[in-house]
């Protein structure tokens, strides 16, 4: 019996070996061609939403909230039209970005979190090198990535609020209630998008303290995700799970990423999408949200596309 | 009469004002909900391809070929599992990227190129600032970006080659020939993907000289793209157009981006996709290729998704 | 008569053409071999002080104080001992820095500030390019840089305070008073170090608001510096001059850098040095504070060495 | 008996514990106030040389020679005069640098190299963290750093050559010969500067292959440095020691840094200095070459100042 509850849950829900000893894709294995085909066929209007927050200096990584040394992205011009004086009159502009891969809207890959020395599928955590990043489970190995059917559970709306209360713990029962109220059928391979409204809170009240007391999923939701063969989960807060989380800092991360091999999406913008879904009562969509092909990466920025 | 032919072509094909004086999306305006709906409905197998080249140190930006000061992306670990010694045994890994937005597979946005002091739709080129990038036509303004029907014209295969000869000029007639041989119907809003095979050449022969003598579209192709209301064009070379290009360095860039308001995709990987399309004779697909939401950016890395 | 007083002062004190139309070193021209020889000979104890603040994440560039988009330096490991598994047992560590050149202790070079379209010596401000930085007056052109006799005027101590009051304006008369009380003789070529104590305030009270209300030199001090043929001036605040400054944001910068061709040092740490000087009543020293040889740079981080 | 000769040498010359179990400065401890006083007093003309190579894109880190993932520095403008439109007419320019700390002229600190799991003075190599760099022996701990008497041994000139032959091994006997021919007296605390001429070779022939076959010191020179209480050694090649080095990749690094606690300077520019010294036959100087105060750093760029 382990000292931490999340490790018991992790053992119970473990997907190690499920898709082979060398598997690096984890629950993305639930995304089959049929799943994608069905999702494409379910598109009804051709309406599209892009679900990322801006990549720039006014992001979540504030001095009193930036986690593990993250900063907000820095964008610098490397070429400016004023640099040119060509006979053909052409001018150009070019630029660079310097950013933590997880600064804004992003996926946490399977090399991002482990415990007791191991990553998903028993890969030693110290197989990650400074020199070239993650040797196994790098984010480029997830490609083509999260492409399939997405379902949006709007928990803030379930409670009739713009955003959930600080540290509100979203339980499996609440997920079921939202499924029921939103008339959804959950299917194998679905990508779960959870709206807490926490992004709206940031827009209205600022980023101060945004990370430390966020509403989010409880560690028990891991079982709910497992039973339904969810391929990935994303939310509009910084860490999916409620903060503080109880017995450990980010226990749900540990179970989902390390034991179940599930990639997590964070800092999504679900505001406009939720309005559109609420307007016509349809909460499922075709989701295309691949990571960038960053060799050795532990995560990646993403521009998630929802077509409905 | 202008001294440069490309400027005459540009004036003839200009889309300035077509979608309003404040328009920042250019030919992306051809991407309507109906276009996306039809594209989603055309998905047949649920097969998916991600069309980017790796983001890492062995990319196209070599010392003797890197354009305008671009380097290959630099990926650095900021957090390593070895940093941790927590009671709960959790370990993590986190990382940063430093890269030119156009180092690998990317979109050139409408702030990337102009001439005679102006960008698309008459926006002054010097409205771009070092301090905050592009004030108008920034890449984040393109979002949700390139989402619609993609058609792949495999010009290398048309000529029975793994890759086209250096500086091979792809003419409108060749595009028509490929359309015919590939049994395609070109529709308004289509995203044109052009395969030159030049990526395969890089994999086999290395990057040396890859940019200076690439095969690609001639400036006359601008009219072909305009007549068919193509929303965007992408290729597997570094600059879409043939190099050298004749009277100017990148005249097709000037016409497409500055006069027509068309975003260009470069460094795409079309190898596996072309094999699959050749196998079943179907060359159209649902394409989702949004830029990252980089405020003020002139371009963006992208992981283009093709579902067929 | 110009509308701004600082422009009148600047015209009066202008060094344009003084050292030739192509001069890029400005008042550094006062640093002659004789000046350096005398400074070396004045060393009495061999005691040494390094005058920089730490380069790291807890620096002056805070969210509510960072000027013009500066951030605090970001230090990232690129190689870690854990990466190695060599027969000879060797391990290594390597790292990168990403920083604004002016994030911590630094020199402002002659390309950093101009007005009315011109830099020092009439160089057009737009000769600076994004592509390769400053064409003239780049910081590498200042090398070997600030090497000569330094004199420390401790204005905080003059007023019997740990640090001067917010926005305290240091006048020429105060500089004279300090010279007198500290028994100094000011000589041609001297590098003036001014202690406001504002760094100590940051250490005690934090960085919040550190920039907006700093004590510092008034624009009238430009004449004092000019008369004495001061080669460079540095201080322990962020901008040398008092903030707010009155009629313009940083008028002393404009006069010193643009009109007089004087490089400015900012964010110096003068705490330990001032204690040592106060202890034995000697306030002059040999100063070696070259910039880094950054091609095209507008400024540079520096580790100023004072030997006494 | 160890399997590697360099480990035997290292054990024999070890300075572990010599300056206490917590010492982080190693042979910099030979730099006393008296040493610095004597060096200052030996200044004769006030002539000054700055000994760094340019920090920019055309540096030693070429695609076929860059070691351990280093690139050449990238300099980007963050603010440009064209960004401004102020009533007072002021314009500014600001910039960033992104660089490996060891890309150009630099010091290797005591956290840079270890073997058999340990750094200098028995500090575990894995005490270095990605999250915050070197916990002990960080480069900021070296400050005020290398300030003292420098002696230049021009081995290229000794052999009557512009630069030594590839892989030329500089032996202790050659160092003695140069001392004798250059009429030098070596003193405790001296900083040894060794000229191989390899920089001149790079300027004339380019950087290709510059690292793999450099002339440099043999591992036996460690004893020579130890006997004379040299405080630091620097050279105009990339790794001080001859390449290839024989039984290990960089054995002299291992002995000097890990066993003796000596900081190494690399990529120095000794060309102009050597010409001046040859002209008047004086090869000693006052050297001021502090690292930047980079918290947690393993090394640092430097602008070494020689005053003679």
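Letters A, B, C and D name the chains as they come in the text, with residue numbers starting at 1 for each one.
In the analysis below, a residue touches a chain if its C-beta (ideal position, glycine included) is under 8 Å from a C-beta of that chain, and two chains touch if they have at least 3 such contacts.
Please read all numbers here as calculations on a predicted model, not as lab measurements.
Asker: Could you classify the subunit A-subunit B contact as same or different, where same means more than half of all interface residue numbers appear on both copies?
Answerer: The interface is built from the same residue numbers on each side, given that over half of them are used by both copies.
Asker: Using the stated contact rule, I'd like to know whether B-D or B-C comes out ahead in C-beta pair count.
Answerer: Most C-beta pairs in contact, of the two: B-D.
Asker: How many angstrom between the C-alpha centroids of subunit B and subunit A?
Answerer: Whole-Å distance between the two chain centres: 26.
Asker: Between subunit B and subunit C, what's the gap in Å when you average each chain's C-alpha atoms?
Answerer: For subunit B versus subunit C, the centre distance works out to 46 Å.
Asker: So which stretches of subunit C touch two or more other chains?
Answerer: As it turns out, subunit C has residues touching two or more other chains at 68-69, 74, 76-80, 82, 96, 98, 126, 129-131.
Asker: Taking the touch rule as given, give the residues of subunit D at its contact with subunit B in the complex, in rising order.
Answerer: 57, 62-63, 69, 71, 74, 77-80, 82-83, 98, 126, 129-131
Asker: Note which residues of subunit A are touching subunit B in the complex, please.
Answerer: Where subunit A meets subunit B, its residues are 4, 6, 32-38, 40-41, 43-50, 52-56, 68-70, 73, 75-82, 86, 88-102, 104-105, 111-117, 125-126, 128-130, 133-134, 140, 143-145, 147, 247-251, 253-254, 286, 288, 290-299, 301-303, 305, 307.
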